[in-house]
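A, B, C and D are the chain letters, set down in written order, and residue numbers restart from 1 in every chain.
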């Protein structure tokens, strides 16, 4: 399929279920995709940070994108992360995503290297020139350690280099300037501005975002779809209540003991524990070297699910 | 060959010459290796940061390690970087490095992810358990955005997880505590403590380092070999003079205009320009999306070479 | 007066006009206060970051707070920043603010020192115990280099240590968790949650903020008061339009050339240029060692004013 | 007295003993100064980071500098920190330091504000123009969050703005470039280059530093004076052994539990516990809001003293 311009709605970053031996659990992945599609989501984003892309080998990544694309069979657009350090390495990931039939790729600025705004621009320009798929920029300063400026994003949008932005920076003011710039710039049409936040989706939609890519939508896709619909209907009071229910549910990412594990282990561990407790995936294990939630911590995830009416 | 325990001396991180089309330039790479070997270096480190490992595809990386290992044919130990975000991805790089015949791998802490000291320890423990090659830790906080503590390095050394440390943190006090700890700990033998600095090699050797991995040794291997020998002989006055000559030469990394390019472009661009001007490699190009030095900047690299007696 | 619990509405951080000799320009300061009061604001915050508190000597600070408090004469609550590195130094500032008759003090976590969450908590607890005035926490990680967690803020609110929060962190999701926590916690009443953002005031109010402390309200108090009223009336469409007008006006902080000056010089320079061009203050000079806007840059500030209908 | 150009030798940053009520303990301060002078140090630095300057009120600071200057009575040069956020506030501290008779002031780049290299240069230029005392730059990126570049330091040295540098950045390579530049630049004479490190004083002196400002010299001034003498005599083997003894002693800063306190509490707490256990000061208390070492932790400080032959 061709990706809508702009892409709108709820586009969950799909978790990658693993077996106890830490291979991709294909049946669980397919059940998870079905759960999301039945939940009413408007697109899927595989191989993003919530998918543990940083922890998946290339073989795992290929298997994930081909499994999901062929399973959804064009019902929904599928975006694929192409997460790597620099242009040449990203292009290798773009190649198999395109071969698998993904509808767009999602790419960060260079990381690990000491980079520069001019090099970030060049990175996206070279990618766009060589990629058979539309390129979305992925702004994730917590991982990448540089922030994409709204000026750069808008310049690249106006030049047809970027098809959209997935903004996980947490900086709603900067996000707003992309939204406003994309609307007012005569040379920009069909550019998708998506928030990666779980917690201020209502705010982002209220100020003009096209959609959201919330990791927590793995656990509660219906909730985010309902939230999206309420926002589109302008029912801000009920939207806020739904968003607050989801904020409370998001508390699950705090059950992992920070003295014992990092933020990825706690956050992805909680999402996977939630999917496991809801019966969607067979095993809540996360990839090496992440630390597993304890039994007690998994139980506490269950309490968050129960409080949100999901068990 | 088996890697010496400890590994001592000058072990340059070998630059990766590229063709104008940005493929690995194998004949230039071989000439560069010959230049280093003839310069008297004690080992080679391929696929590190100075090798533009972050910019090389897996195919490029495989070609580099197999080319260099087969060309040196066991005359010198060859260490190979296995630079990637997490344990599973690093293990894929370890596999081909081992197959190519490298003598050890060099690995950073996880990056891009939100990690934790417990996860960093687990990362190295899992790697050591599965790697057929000895594992050196690579401390490069500028790229990795976490610092390896000396406590963790020494704990992993005592447990036989790590065979050595390449410290490019710039923190000589922390480096010293690894040196002192490795010497005094009864459970640690043969552990290699190597500095990644170009500018304080004499200081590092004076306080007990086993060796150095200076990027600038690509351009002037004889200089670093001479410096190493003077330090080993305790001729600190002449060592300092040699080190200061090399510090002045290192000024070449500042010719690239910081308004126009990042630190990797400027630093690696200068090293490659130096190799090109000295007639060792055919083309000074760096990988995408790095910005090239201008003609005038390359000329200024030439002046640094001339001042150091290298042209 | 006693400060309202909670404090609501628009509470501008009042700029500090200076003479060409960089003394406090008292007549201009009084005109600025009148301009704000006539603009309908609901409180005043002196000696914050937008007031150049970091650049004012203690004598300047004393003069500012006593001038403003005595001029407003209890019509409006006046909050005073007590910006310094640690508890003992902050207490000295609290003392003169209280003596001058301010209604509350606004205090950051310790900075310059290497601190710890337990020490930050202790800092606020000691301050609250010794301060005759209610204490607001000021979350400004860009300056302070630590972020106040919502857990800590809520704990201190529940214990009666903090009377409110001024959140200039840019992290709306964290801000929301304070708003939600303050509302749901049985032990918290009258706690004020204020956003320091200029650009997402509508979003902050929509999710439950009590008010806003926008630096740009110096230049356009009527705009922010109108925005506040529209939000309170639930007229989100017109609120968004007003907010977007203010976002466009805020573009003035980008006229200062980043190759020539830092963010404080550019931002505070633009606000003061705006006040000068609107005829409210006599001189747009900023404190040492800030760099002044050029004539051309000041002209461009004028264009922003004109576009926003303020000239 | 006039400060030597350059200032050489060991110049301890003098701790500030406090009473249980956290007032300056003048008799203990005088005993500490006597202990240092008798230990053979070559100068004193009051109101630096190790002096808890960030925690001292202006009244405390004035008392410290006047007490120490009048007690040493010109036997030794006394440098005084003038630690504050910006130029105008620093100038107030310079004024009383000069009035008390200090021989030089030590000043960081602006902090808390969003600054710029051009503003940092302007800061030092304005200070030098208005200060009756010579100005030393204090490079402490851990506190100030910007690094002074060696280019800027050398430019300001050549223009007579700076009299010296106290480098606590931990970046020995950058330090070396100041040392080399100060020696080779025809316009620079008498400029003092001092390291703030405790752990690589031998390295710094070997590469040409004029002296050292080690916090640990409060506890063991004789050790650092001996180290300095050995380095000046070129007896590098015994110098290294002495430095290693001091490195082991420095381990005391790690006894404070990092789960319970920050780095300042642990480091300054250990130094003060050491001074207390050695009978030099009456009370080991640190300023608010720092967390005190536990009894067990103080005991462990004693073990470090004993191991170093200091009890």
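Observations, loosely collected:
Rule of thumb we're sticking to: a residue touches a chain if its C-beta (ideal position, glycine included) is under 8 Å from a C-beta of that chain, and two chains touch if they have at least 3 such contacts.
The model shown is predicted, which means the values in this text are computed figures rather than measured ones.
Of all chains, the one whose Cα centroid sits at the greatest distance from that of subunit A is D.
Averaged Cα coordinates give subunit B a centre that lies 49 Å from the centre of subunit C. Work out the mean CA point of subunit A and of subunit C, and you get 35 Å between them.
In subunit C, no position touches at least two other chains. If touching chains are joined by edges, the resulting network of the protein chains shown is one closed cycle, each chain touching exactly two neighbours.
Touching pairs of chains, sorted by label, consist of A-B, A-C, B-D, C-D. Touching subunit B in their complex are the following residues of subunit D: 170-173, 176-177, 180, 197-200, 202-203, 206-207, 234, 236, 240, 243-244, 247-248.
Interface residues of subunit C facing subunit D in the complex, by the touch rule stated above, are 22, 54-58, 60, 83, 85-89, 91-92, 110-116, 118-120, 122-123, 126, 142-145, 258, 260-265, 267, 287-291.
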